[in-house]
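Structures given as structure tokens follow.
Here come two complexes built around chain A, the first alongside chain B, the second alongside chain C.
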Partner chain A sequence: MTTSHRHRTTRRLAATAVSVLAAVSLAACGSGGSSGGGTSGTSAAGGTQDGKPVPGGRLKIAFWSDFQSCIDPNQVYWIESRSIDRNLADSLTDQDPKTGKIVPWLATSWTVSPDATSYTFKLRQDVTFSDGTKLDANAVKTAYDGLHDLGAKSTLGLTYLSGYKGTTVVDPSTVKIDFATPNAAFLQASSTTTTAILSPATYKETPEARCAGKVVGSGEFTLDSYSAGKSAKLTKRAGYAWPSSLIANKGAAYLDGIDVSYIAEDNVRVGSLTNGTIDIAWPRQPITSADQQVIKASGATIETRALPGIIGLLIPNVTAGRPLADLQVRKALYKALDLSSYAKTVYWDDYPVAKSSVTSTTPYAADESAKLAHDPAGAGKLLDAAGWALGSDGYRHKDGKKLTLSYLTNAAGPGDQLVQDQLKKVGIDYQIKVVTAAQLTPTGNSGDWDLSGGYLTRADPSVLGSSLDQAVSKQYTAKYSQDPATAAKISALFAKGLSTADPTQRAAAYKDLQDALIDNGVAYPLYDRLQTAGVSGKVHGFAWTSESFLRANDIWLSK
Partner chain B sequence: MPDKILSPNTDLVAPPEQRAAVAHAAAPASAAPPAVTPAGVALPSHAPVPAGVGTPVDDAVLADGAVLADDATPPPGDTGAGGQVRRRRHDLLAAAGPLLRRPGFILAGLFVVFVIVSGLAPSLFTSYNPSTTSPTDKLKGPSVHHLFGTDELGRDLFSRVLHGSTLTIKATGGAVLIAIIAGLTIGVVAGFFGGWVDSLLMRLVDILLAIPALLMALVIVTALGFGLLPIAIAVGTTITPTFARTTRAEVLRVKEQPYVEAARTGGASWGRVLVRHILPNSWGPVSVLAVLDFGTAVLVISSLSFLGFGTPPPAAEWGTLISNGRNFLVTSPWLSLLPGLFVGLVVFSLNHIARTFEEVQR
Partner chain C sequence: MPRYLAGRVAQALLVLWAAYTVTFIILNILPSDPITLQLSAGGADVSQLTAVQVHDLKAHYGLDDPVVVQYFHHLWAALHLDFGMSLTQNVSVGSLITDKLPSTILLSAVAVVIMLVLGTSVAFLATYVQWRPARMLLARLPAVGVSLPQFFVGLLLIQVFSFSLTWLPATGTHGWRSLVLPAITLALPGSAMLAQLLTRSLSDTWREPYIVTARAKGLSRWTIQVRHALRNASLPALTLLGVVVAYTVVNSVVVEVVFTRNGIGQLAQQAVLGQDVPVVQAIVLIAATLFVAVSLLVDLLYSLLDPRVARAGRAA
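== the complex of A and B ==
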């Protein structure tokens, strides 16, 4: 008996010791990573700087996660997969990251009808897919029809091709794409990975098989293997000769290939970069200022570009009976949020502050910052007027009910707790309702929440429609964020923005839309979105696409 | 598994062949003969393993103890052990003297008392509000103003650890309470009634023991939802089986004691024997196990909240704090390490206390 007891105790003590040891060695790993990074950094800094590109080598890049587990450019919305796809498949047009201008790629020229319902593209003659098939008007028709047939399977395609009527083959090198309703955003859409043209053979595969990697494009790399959530391997395509005019390297890629891995822990990803295991660390959330210092100290650089598209938003549930059904309360919420402090605290000191419902690099982005100013006293007055009186517990009450807003999320970050504290200062009880990823959509659809989050990347303001336009989107954010009267107003503004190809008129329409979203309390801009990447000193020619994805044509590695 | 593992005459006590096997195996370098009851029913394979040979598991103790209680001539090698078992008393008050002469125990005890008091009244030890953010003070290292430094939103980490104690103590207390009540009930019923009730309950306990603790806790929390109560239930369920096993072994030992037989002969009802004689005399080892399992429960609860199954923010259990600091391990290591060290110390202290109790009892 006693022997056994002593043994059990020993076992338990051993378990404790192991866990303590684990914690200590974990810490050792962390510091080891940074010191190791320092040495490798100096050697990298001492290497070749600029100069003539050297072909060869494989680029090792690590993303944070592969949640969607899909590689088909037509179906993915996941930013990281779109970065891979950009280098596998080409689109009809390309978009200049600096100006937002659409430039030729697979199409050499195009015409757009004034009412934005008909687009005619002239195709390049020398393009082949990696399976040997020639790119011609029929292939483009197969691709666009295939994308349209995906329906709701392609979250982005649904809005990009909104109003799609069909594609006509005019002659082997000319296609005409028609829309039943105006779609002025389509020219931009034709430059995205979502409308990338895949080989006709690809569209004979099931959507699931395409997701799992049965995709053939005409890009400067081909997909060797894709293991969802684990890795992707790309090999360069010999004889590639049709990049867009934005790319300096007119021939095949310098890199032999790209190895993609997924590292969930920020720490491990940064450590892998600084010790040379990977060449590019590409997280979703901006690299923290502390980690940036670690990366810079190792000789690597930080590349930064603001992502275009929907900004980090809070979207209200205005269903009758819920606190945010009252416009006064929704207005008070704008004044209660301190966006500048959010940017400084969660990110860093000169991090851009949210100014509108779309990010600053999105074409036609307006500046709504006057309406988004932090004014806790003003928020208090509005809430008082709405009947929510401050109680002795520091929270506001009305008819015996506490002013509680429940925020639906599957991953609460520090920003959410900052918002919680900001709202507490005006007497709003902000509850963070954490659910599993699997429960997120069902709970969202049930409407049992007051605020939910959302953002999406696309270099056109019409992207807001995929989250907020009840006429187009089936998402819960669209369904619950507007009462019928507001929804009619908002949908009309979305339609107006899409109805003309004229930039001045589009700018006016989207300014009205961005105003209306704030005036009616439909969307709460919270944080601007920057894509950051830690890039090793031996990587040269790093480039962003206009949607802030990776462009690997010009990348080469110094030995 | 056959219905009747043990022959009806000997009730729960091992049959003669098994006793022989125990005696035999105790002699070095001799293989145990095939363990077969007179009825030809195979014994559970673990039953013949005596304490001190191979890995001592609770069942071995049970077989050993049961044999000794019943057998007039204890097998060689175990001489005296039976007497020790019989003489053992769990009077913790009488043991207080030797306890106080152990500085390690006093230190561990003081630390645990500090954690409990600070968890129940955190404001006694810190003036900071655990959820008030202060963007200008973010990621400050440990100092006189902030003992444990500040986190990425400028909140005082020491205050967050102490307020986290409240939640962790509640969850741990709940879990151990659930385990004690459920474990005692199962163990007493199984040990006392024996027969098919025992077989059924112990096989259920076996099934529970076969599932890794953390995995089962995860399944239960996912089914019940996130939060303090689900975590307490989940962890309580995972540590119940050891309580049930230990209690059963003790009950088996105690119920063969002469005073129990005397009470029965004297006309006491089963219920009275159970409550007045068996329960008070069997729950000593269970109480030691309870202290030990506080440590285990703290670890499992911290693991669960580390994985994000804890109470929703801004409340933060110890595991949540460690998890939140992960991203700053290189640049601001105190965010993870200090709460981690705190948890480590708590578990270490609890284990030390339990071990000291055990040594003093011996």
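== the complex of A and C ==
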């Protein structure tokens, strides 16, 4: 046998195969990377397309994941499920995505007590749930009590109904919702999917059954089937006639139905859009500029809208003994971070730069960019003054200890590496500590980290409280980000924002809060959050809700 | 034979018990408690609950018992095919598995058929064809097949057959058409391994004295290959087949994610990331059962194909 010869040939062939493969995959990477700086203009929001709406057809939409595996609007926090829910269930009010103003929906009018503890809603008379039950004050009471009863099962409900005392039926078409403590953000909460009013029969089901799809709403679609992580099917509700004033189509939906699927792989989702298998590709992370070009080349468009709520934040751990306990070091960190190159590098050229702790589409968002300017020299000076001297290894040291900041995350991305690079330039050793999703909360609670991340979607600045207000939230981000003196200041500002229903006073309170978060080094705005969706050319009337969810009332498909 | 069988079955049960116990121990050593996991899966934080609420939850899930009691409780339940409730999804593990297992089994079964046909044909041709370049090419092909990552193959197939040619769907679990691409992707590494081993084994067999005898008797190449060489050469390949069949379930993790198929593989991926202990435990047990069952089957086939094996077992 000529074994040695054989082996050599095998090895040579294998080597050739490997190099061919490497070349192919490198070429693939190259084409992805090189088109990064291309054009990335986004089309104007839908709703204004020309042509007369044609009824019929089913809209096929693919999200990326159904991690929470729950469809009950009252219980979900998962953005994608809330997009589906918005088309199944209606709320007392709606919020204008352009102005942030609250407008009538199931409630025709309302009054708010000056101290923001009592809300009285007048209801529409002509609304029925899809099981035939009429919407009246009793149904609203059942729904709000039911939401409150969910307790910790509804993360969002917990904050939205903070201080909930109860709902009173004043007359069949009037309800009064009372709070023990001021909750000025509640009017906005009444427009969200979380407080959607479901049929009284729904609240007789267990929370688990509701999660699995036993929900009946009054929306322009009804839920036919929901299979967690796999699919959801919606059918249009004939005779629907009570959309909010924001919607052009006053009657039943144009679409016959909506088919939801979940495609985890970006490539596959984009390919499915360009080959016409799906009509809308809706990922969580912004569609990369390379994929945007592929999508546009196929005749589809990219719809974009900043998600309202907490911006992509870094939140410090200021526990004594840790490097960030020193306000000077925290201030240096603002100067060391280059937010505009973050937006450009991680996303694309015109990507909005983070300006405050809430995103630009959040009502009362302030512009703090002057305080967030990139100034590496200034950062160096502050760190020098704080006693952190630059060593020969390029990092700063104090009392023999290296200036190391460990960042806690469960999914490190290119942005984290960019931050690592930016901080290295001023001599900070940024360690990315990746744990599994399951380990995130326990590790966070242990306090063994210097920076952690966070974001949450809600079109009201009070949402920051869920991560940062020690008086309300027990999250580790709130617990570790402020010393007692700062916490007292911050909580007072949060309370002030919630204690008045007057928009001017709220604006002033939240401006002060956003200033204070930066001045005290409590939150580091890092990146704005854009919701992007690839939308096929045959889809018309695409619209966002104020929380950047899907609004399907006006959507129609060209034949 | 019955004694041999009884011994093998007892061994198989022991392996299953060990797999269950080791998983239980590993998952319990991990530094996090199920209540925190469950709450964070629902987006809530354990620190938002009062001590009484936490205690009630623990009691509800039987987590306030000592670990040893929990172990026997779970083991007893598992013997009755009751794996408890998923921590991250509000349903029983049993219903999750029965919901997702059929599509994975179907995928694996089709993949195994493709694997057998592809692997055997390549090996058969590589040793049967007499034109040297073709022989060489066929004999080297498996090396390429083994070195291709499944992730890459899957995306490539989707790009070509779904997006460019639009012959087959890229995602979903509807109908036989959605089964083709994932099954091929899943079958490729296994069939390459099978082909490699069978080629080697066939060419070794061709050098055996009894093949020379057969040729001397004037039998055609075809008859020798089919009647004599293949049967004898297939013994080592059968062992390998046992392993790769079980691997199809393991590899379905990658394939099901790429092709968006809602099966056990995707469930395993989610459960591991979410540290959903009962689900992980059930999946490990299913995979272990499969391994054990297939290798038992292979051993039994072995004794059918080669009577010496059973006789050796009796002698021992």
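Keep in mind that, in the parts below, the second predicted complex is superposed on the first by the 509 of 559 C-alpha atoms of A that agree within 3 Å, B and C clash if a C-alpha of one lies under 4 Å from a C-alpha of the other, contacts with A are read in each partner's own complex, and residues count from 1 in each chain.
In the analysis below, contacts are C-beta pairs under 8 Å (C-beta built on N, C-alpha and C of every residue); 3 or more make two chains touch, one makes a residue touch a chain.
Just so we're clear, the structure is a prediction, and the values are computed from it rather than from any experiment.
Colleague: So, A:Asp421: does it touch chain B (first), chain C (second), both, or neither?
Modeller: After superposing on A, A:Asp421 lies in contact with chain B but is clear of chain C.
Colleague: Taking the superposition as given, does A:Gly271 touch the first partner, chain B, the second, chain C, both, or neither?
Modeller: both
Colleague: With the two structures laid over each other on chain A, which partner does A:Tyr77 touch: chain B (first), chain C (second), both, or neither?
Modeller: In the superposition, A:Tyr77 touches chain C alone.
Colleague: Looking at A:Lys344, would you say it contacts chain B, chain C, both, or neither? Reply first, second, both or neither.
Modeller: first
Colleague: Quick one: classify A:Thr155 as touching chain B (first), chain C (second), both or neither.
Modeller: After superposition on chain A, A:Thr155 lies in contact with chain C alone.
Colleague: Kindly classify A:Thr436 by the partners it touches after superposition: chain B alone (first), chain C alone (second), both, or neither?
Modeller: both
Colleague: Once the shared chain is lined up, is A:Ala290 touching chain B (first), chain C (second), both, or neither of them?
Modeller: In the superposition, A:Ala290 touches chain B alone.
Colleague: Going by the contact rule set out at the top, does A:Thr93 touch chain B (first), chain C (second), both, or neither?
Modeller: The answer is neither, since A:Thr93 touches no partner chain.
Colleague: Please identify the positions on chain A that touch both chain B and chain C, taking each partner from its own complex.
Modeller: Shared contact residues on chain A: 9, 13, 265, 267, 271, 436.
Colleague: Mind listing the chain B positions that touch chain A in their complex?
Modeller: That would be residues 51-52, 55-58, 60-61, 64-65, 81, 84-85, 131-133, 135, 138-139, 151-154, 222, 226, 285, 288, 292, 295-296, 299, 308, 312-314, 324, 326-333, 336-337, 340-341, 344, 347-348, 351, 354-355, 358, 362 of chain B.
Colleague: Which positions of chain A touch chain C when the two form their complex?
Modeller: These residues of chain A touch chain C: 9-10, 13-14, 17-18, 21, 25, 67-70, 75, 77, 152-153, 155-156, 158, 207-208, 211-212, 227-230, 261-265, 267-268, 271-272, 274-275, 277, 436-442, 445, 474-476, 479.
Colleague: Per the contact definition, I'd like the list of chain A residues that touch chain B in the complex.
Modeller: Residues 1-9, 12-13, 15-16, 19-20, 23, 26-27, 30-31, 33-34, 265-267, 270-271, 288, 290-291, 293-294, 341, 344-346, 411-412, 414, 416-418, 420-422, 424, 431-434, 436 of chain A touch chain B in their complex.
Colleague: How about chain C: which of its residues touch chain A in the complex?
Modeller: It comes out as residues 31-33, 36-37, 39-49, 53, 88-91, 140, 143-144, 147-148, 152, 155, 158-159, 162-163, 166, 169-172, 257-260, 262, 266, 270, 273-275.
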